[in-house]
Amino acid sequence: QAQQPIKVGVIFPLSGGAGPQGQHVTQAVQAMAAIINESGGVMGRQIEILSRDDESTPAVGVSRANELISSGVSVIIEGWNSPVTLAMQPVINRANILDITAISKADPILSGEGNPLAVRLNSSNSQDGAVIAKYIAGTKAKRIAFMTENDAYGNGAQESIEAELKKLNYAYDKVAEEKFPFNQADFRVALTNVRAANPEVTIAINANEGLGMPALIRQAKQSRLPGQLVTAVGTVAPSVISVAGEAANGVIGADIYFPDVEPFASNEANKKFIAKTQEMFKYTPDKYMALGATSLQVWAMAANEVKSLDKEPVAKRIRGGSFKGTIFGDVSFAANGQLESNHKLFTIENQKIVVRPASN
Amino acid sequence: MNFSQQLVNGIVLGHAYALIAIGWTVLLGVARLVNFGHGQMYMLGAFVTWYGVSRLGLPYFVAIPVAMLAGVAVGYVMQRVMLQLTLKQDLVSIMIVTLGFGYVLHGAAALFFGSTGQILETPFSTKDIYWGDLWFTYQDIAIVIVAILFFAALKYVIDRTRIGRLARMVAEDPQLAQLAGVNVRRVYLGVFAFEGAAVALAAALVAPRTPILTSMGFDEVIITFVVVVLGGIGSVTGSYVAGLALGLFTAFFGAFVSPAYATAAAFAVLIAVLVIRPGGLAVSPGGR
Amino acid sequence: MKSGIKTILFAALATIGFFVPTLLGGSGAVYAACVLIAIFAVMSYGLDIVVSDLGEVSLAHTVFFAVGAYTTALLSASAGIGPVLSLAGAILMVLLVAAALGFVTLQLREFVFSLVTYAVAVVAATVAQNWDFLGGSDGLRGIPAFELPWLGFTARNDQELWPVAYLLLLVAIYLVSAFRRSKLGQAAMMVHLNQRLAVTSGVDPQRVRLQVFLVSAPITASAGWLYAYQRAYISADVLETYFLILMLTAVVVMGRRLLLGPLLGVALIQIQEKFFSFGGYVDKIILGSVLILTLAFLPNGLFGVVAPLRNLFTRRATPVGKTIPERS
Amino acid sequence: MSTRPVLEATDLKIAYGGNIALDVPRIAVRERELVGVVGANGAGKSTLVNGLLGWSRGSPKVSGKIMLDGRDISDLPPHERVRSGLLLIPEGKLVFAQMTVEENLASSVDVPTEGQGRRHYSSEEIYALFPRLYERRHHLGSQLSGGERQMLGIARALRLSPRALLLDEPSIGLAPRLVSTVLETVRALVDSGLTVLLVEQNVRAAIEVVDRLVLLERGRILAEGPASEMRDDPRIAEAYLGAHVA
Amino acid sequence: MSGGLGPVLRVEGLGVTYGALVALDAVTWSVDAGEILGIIGPNGAGKSSCYDAVTHLVTRRGRVFLNGEEVTDTAPHLLAERGLKRAFQQNAFFHELTVLENMVTVLQDRYGTGLLATALLPFTQVRRRADAVEDARQRLVRFGIPEAYHDLKPTNIPYGIQRMLSIALAYGSGAKALMLDEPAAGLGGADMTHLINLLISLKKEGLAVVVIEHHMDLIMSVADQIVVLEQGRLLATGTPHHIQSDPRVLEAYLGRAQ
């Protein structure tokens, strides 16, 4: 009986616009599972990954969660789209299974309504706002424009940037504010408005990495948008740059994970993870993959420590706790389950992400 | 706001909409058929062009006819399968079968082309024109010119030529058309093949404006639907005008209010128009 | 008479139906699937009477579904109102919405009708996504469990919710069959098949259309009501095409105007999606192909294949008996 | 009058579902002949003319051999038969409602303007035959009165250069004056070289113009012969020639 | 019965224009209970348009009275409810239903049960339905549609029978005034005789019947009054005998004297 593997459920979009990224995250979790299994597994048992496709649709996500629950998983790692996460939370919670949200960013995920013992790894909007605000203050730019995805994520991100600017007592003019729907691909109308306002800094908040963000970057360049284009934290992954092409050069962004930059470059856990992913999937991990893998890693560490697979003890160990030697280095979680993260600013040069040394 | 730039945006957008809708205009207006797989055929047209240009290294001008041929093939196969439904004029079933084709096309294209975003680059799309404060590309010019030519030619063919008359006869009463010596099956197949070619051409011209994904097509089918209905079902001129109007509306609503609500606003206007004038904007002589 | 036998047969079928999840092993996944099938079937029945009887393809039924779900979520989560009153509230709300929509679309037919109803769905989705009162794009959380204290009944999981879902399904099916036999149902058919003749037979098409809407919307909305309890979270995704396609497919795939058609259609789709899934894309190809093949090559729908059983399920199971051949 | 049949059907059997609606061993129309088909409602007259063209709004099973000018056309689809010169003017809906009279008359397919026994009619000739259509030429089909539609139906068929014409109750809905005009027109068309099979309910008017008369009953030919002889046939006289005249 | 209280149906100064075309101009006529009014005239004279005007299916000028009450502004379906029924020149059916079902359907106003009643009293509904079927059968037979055709689709029965079905459907559950548009078109032999008998029996029942017809034998033998239209205008009114000898009618309509 002891040799039965522990089942771990993984739910991400594997098809549709977010499919490629979801597949990569799932692969990263598998790579991490391989690493854990090689080093003895969890409580002496091997881990088996059961992966499902939520098709970016809440109703499908809920079905998939139910499926995993009835196949007896001990934990579910999920969450690319916030509504899907929010829909799955109550279902997983009622089944008394630990639910770790890897990426979905909406604030209510940690509110405790859907899941009182929620855990999330991706940075929150308020953490993200600070780093962008600090950058703006540093440039002394006064004319600021926003191009914001019109949903909870986009509006929340913009709000937190503005709130942080206020905290810094930084005076500025909001010369333009353009909202657009998530699946917009043609920004010419919005850009025309922004351009006419002649901003010094334009902040683009668009989580649609497959379509919207590369389109926005290209069209901004083509339309000769004046000033500096800054992207919200975590919205420019290498995949965005590869679609946006040369137009991406010069864009500024910020993120929490860079595989080959210090302190990650010399982090043993990270090196092992990168090597494993490259070996198994011929792919260098990005932030989302790191978040997915870390979710599993943290869960395994916690379960090994408390010697239980039950939801409560493991969740309590994670929430408010600290872990050493993760992919992200030594990390700690806030009492509400949010991972504390470190942001770095970067510039895109020659279609490569170059971390700005000045930032910490 | 920059009025002249928004005007340019609106005009280009409007012609793009009209061009995307042209195949369905013929299908719906002329043959009283619907095709909810229209959006996916657009997607396929874009991806075949992209595949030709960036994977097979074909020149853009060769890739376009290749995409159109693919469109013809898909249209032909669809109609071949649906022929019995078409002859029975079972519109509800046709609606849903074409929806099914859209699903199949989407699934197959995603498996074949992958689901990551791609950029369809053409010799025109990378050439920007800056004219004082105005910005547009040669691709935009191509869209406007092709749309105008296409609509003019279509109008002529439908109103003045025998082919147009044949299609209209079949649309109204396929069985009576047989008695006039018309090969009804061939007309249906032909109209659908035309739809395939037209939407592929539209895709090859319009898709370079934005990144392309195999999951796209939804917006296109909706826009087409709006254009065709607003223009008055069956009216070629009507759908040109409706496409242009929709483009201008999208641009100026985006400029004055917000792009976030442009689609909803367009729909609200559409509802209002149709409630006041159930026949859409076009006036056909003698009333329908 | 024959109708007596039929009544007994239906009663037997209804009783057996209740034990289907138990017969299938009674696991959590089975109950979850069965509850969802019941809910989505009820949702589809609302659309069924508009598509099959009125002959119009309404694309706005997701709005009715959403109105039911949102009203329930608001009433139960924020106002702490129980299921019975929230159902009443949902029906009341949806009647208002359906009356407005019915009024707006009175003059419209065919594609134009479809498009306008679709437009309404898009506008509704935009409203739901942006109106904070409805939770915006984050949706509404914190819907309590389905609880009827005066009956000592609480449904914390799908197994416990199953009796409610099944009862709702039976009521919906019965209502639809009564509708079809009623004056209104017949009038709907008349308007559908020949409007001019209907008018000269004393039927007011506009009134009939409106009334059919008012019957159809609460059926779909009551599915939304139960869905809110089942999922405990409602967001604008209930207005997405997923539900629309599900409904439409369910209504047509088995063959139109079959009383049990929508139920079997939903069951087929859900079972494939839940137990025989091959990943999003292949599933899409499968669903698409099933639609194409059944509609293009099986003129009587999938159900036509098992023709001998058909008489049991036909719409006009009344004593007209065998004299009325099915439409082909 | 030549004796070679232009149109000939042998062993023609037509069934709807299991019901045999028509069973005719042989029926033939010779060059420049006007053959009338009469019979009660439901006798199978429409089934016969539709079957000759292989056309129907229902889905009948047709067997038998149909020859046009000695050529077997049994396996051709209806539109091919039309192109080879066999024209049908059906009962009921005859015009394209969404097209103007002019468009209805514009030729839809390429047909030989002259050919073996085929006669081309120009629009001028058509308008001369039916002046009323000329007045209405810019009106849509849906705007025509019942009689106008009937005329347009006949005119449309003439525009396709018929070799043989199948006419199903052309007098339906025509004013008495026009009935004789139309039948006389048909007679004149035959005299100028056309071959016509005419289904007519109005036996009294028909018998004046036809060469031969065929009496159908329940799908079978009950009597057949030259008009002059059939006029005195009791089966015709009693049932169709004035039994009900007050 | 409304006998003695003046005409059942009366129209005054009825006019219809389609664009520039005046299809009907200032036409006045009336029909009493137990009377048959014939309307004749050349093709395109405006006869069918006149029906459309009476039943309010087109915008028109003039006034319409039913049983002495003005119904000019009444909606078409309400006219039917009040007993003004009509048939169309082109056959009109519910194509996907059988002949019998067609008839049952138009009897709904008499036998149909409301939604609530159907749901709550299912057995009553079943009984009423059975009654409706029985009544429909009898009515069909009365209108000359033998049982053999009851289970076929309307387009699958002979044209002549289709005409009779159109009349039966128009009459529905009953009428005070019935307007028929060329009921004899396509009828012959026995069917024609049957139609004549039917018209006479309807008339005997006290129905006011209006018949448009090109079939002179029929109309002259059954009509009490005849109205002749030409180019939208009233050309003549009178008894069949009177009309048959009117030189204007002969010239415009009947052609050479018969």
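Chains: A, B, C, D and E, in written order; residue numbering restarts at 1 for each.
Keep in mind that, in the parts below, a residue touches a chain if its C-beta (ideal position, glycine included) is under 8 Å from a C-beta of that chain, and two chains touch if they have at least 3 such contacts.
If you're wondering where the values come from, they're calculated on a predicted model, not measured in any experiment.
*Asks:* Can you list every chain in contact with both subunit C and subunit D?
*Replies:* Neighbours common to subunit C and subunit D are B, E.
*Asks:* Among the remaining chains, which ones contact both subunit A and subunit E?
*Replies:* A chain counts here if it touches both subunit A and subunit E, which gives C.
*Asks:* So, comparing C-alpha centroids, which chain is the farthest one from subunit C?
*Replies:* D
*Asks:* Would you mind checking which chain's C-alpha centre is most distant from the centre of subunit E?
*Replies:* Of all the other chains, the one whose centre lies farthest from subunit E is A.
*Asks:* So how far apart, in whole Å, are subunit A and subunit D when each is placed at the average of its C-alpha atoms?
*Replies:* That pair's centroid distance is 77 Å.
*Asks:* Can you give the whole-Å distance between the Cα centres of subunit D and subunit E?
*Replies:* From the centre of subunit D to the centre of subunit E is 29 Å.
*Asks:* Mind checking the centre-to-centre distance between subunit A and subunit B? Centres are C-alpha means, answer in whole Å.
*Replies:* 37
*Asks:* Averaging over Cα atoms per chain, report the distance between subunit B and subunit D in Å.
*Replies:* Using C-alpha averages as centres, the distance is 44 Å.
*Asks:* Residues of subunit D that touch two or more other chains: which are they?
*Replies:* Subunit D, residues with two or more chain partners: 57, 93, 143.
*Asks:* For subunit A, give me the residues that contact two or more of the other chains.
*Replies:* 15-16, 19, 150
*Asks:* Residues of subunit E that contact two or more other chains, please.
*Replies:* none
*Asks:* Between which chains is there touch?
*Replies:* Pairs satisfying the touch definition: A-B, A-C, B-C, B-D, C-E, D-E.
*Asks:* Could you pull out which subunit C residues touch subunit A in their complex?
*Replies:* The touching residues are 27-29, 32-33, 36, 129-130, 136-139, 141-142, 156-158, 231-233, 235-237, 240, 242-243, 273-274, 277, 279-281, 284.
*Asks:* In the complex, go through subunit C and note every residue touching subunit B.
*Replies:* 51, 55, 57, 104-105, 107-112, 114-116, 118-120, 122-123, 126-127, 130, 241, 245, 248-249, 252, 256, 280-285, 287-292, 295-296, 299
*Asks:* Considering only the defined contacts, which subunit D positions touch subunit E in the complex?
*Replies:* Residues 16, 38, 40-43, 46, 57-58, 91-93, 132, 143-148, 150-151, 169, 172-180, 201-203, 239-240, 243-246 of subunit D touch subunit E in their complex.
*Asks:* Quick one: which bits of subunit E touch subunit C in the complex? Just the residue numbers, please.
*Replies:* Going through subunit E, the ones touching subunit C are 55, 57, 75-78, 80-81, 85-86, 88, 92-98, 100-101, 104-106, 108-109, 112-115, 117-119, 122, 125-126, 129-130, 133, 150-151, 169-170, 172.
*Asks:* Can you list the subunit B residues touching subunit D in their complex?
*Replies:* So the residues of subunit B in touch with subunit D come to 162, 165-166, 168-169, 171-173, 175-184, 286, 288.
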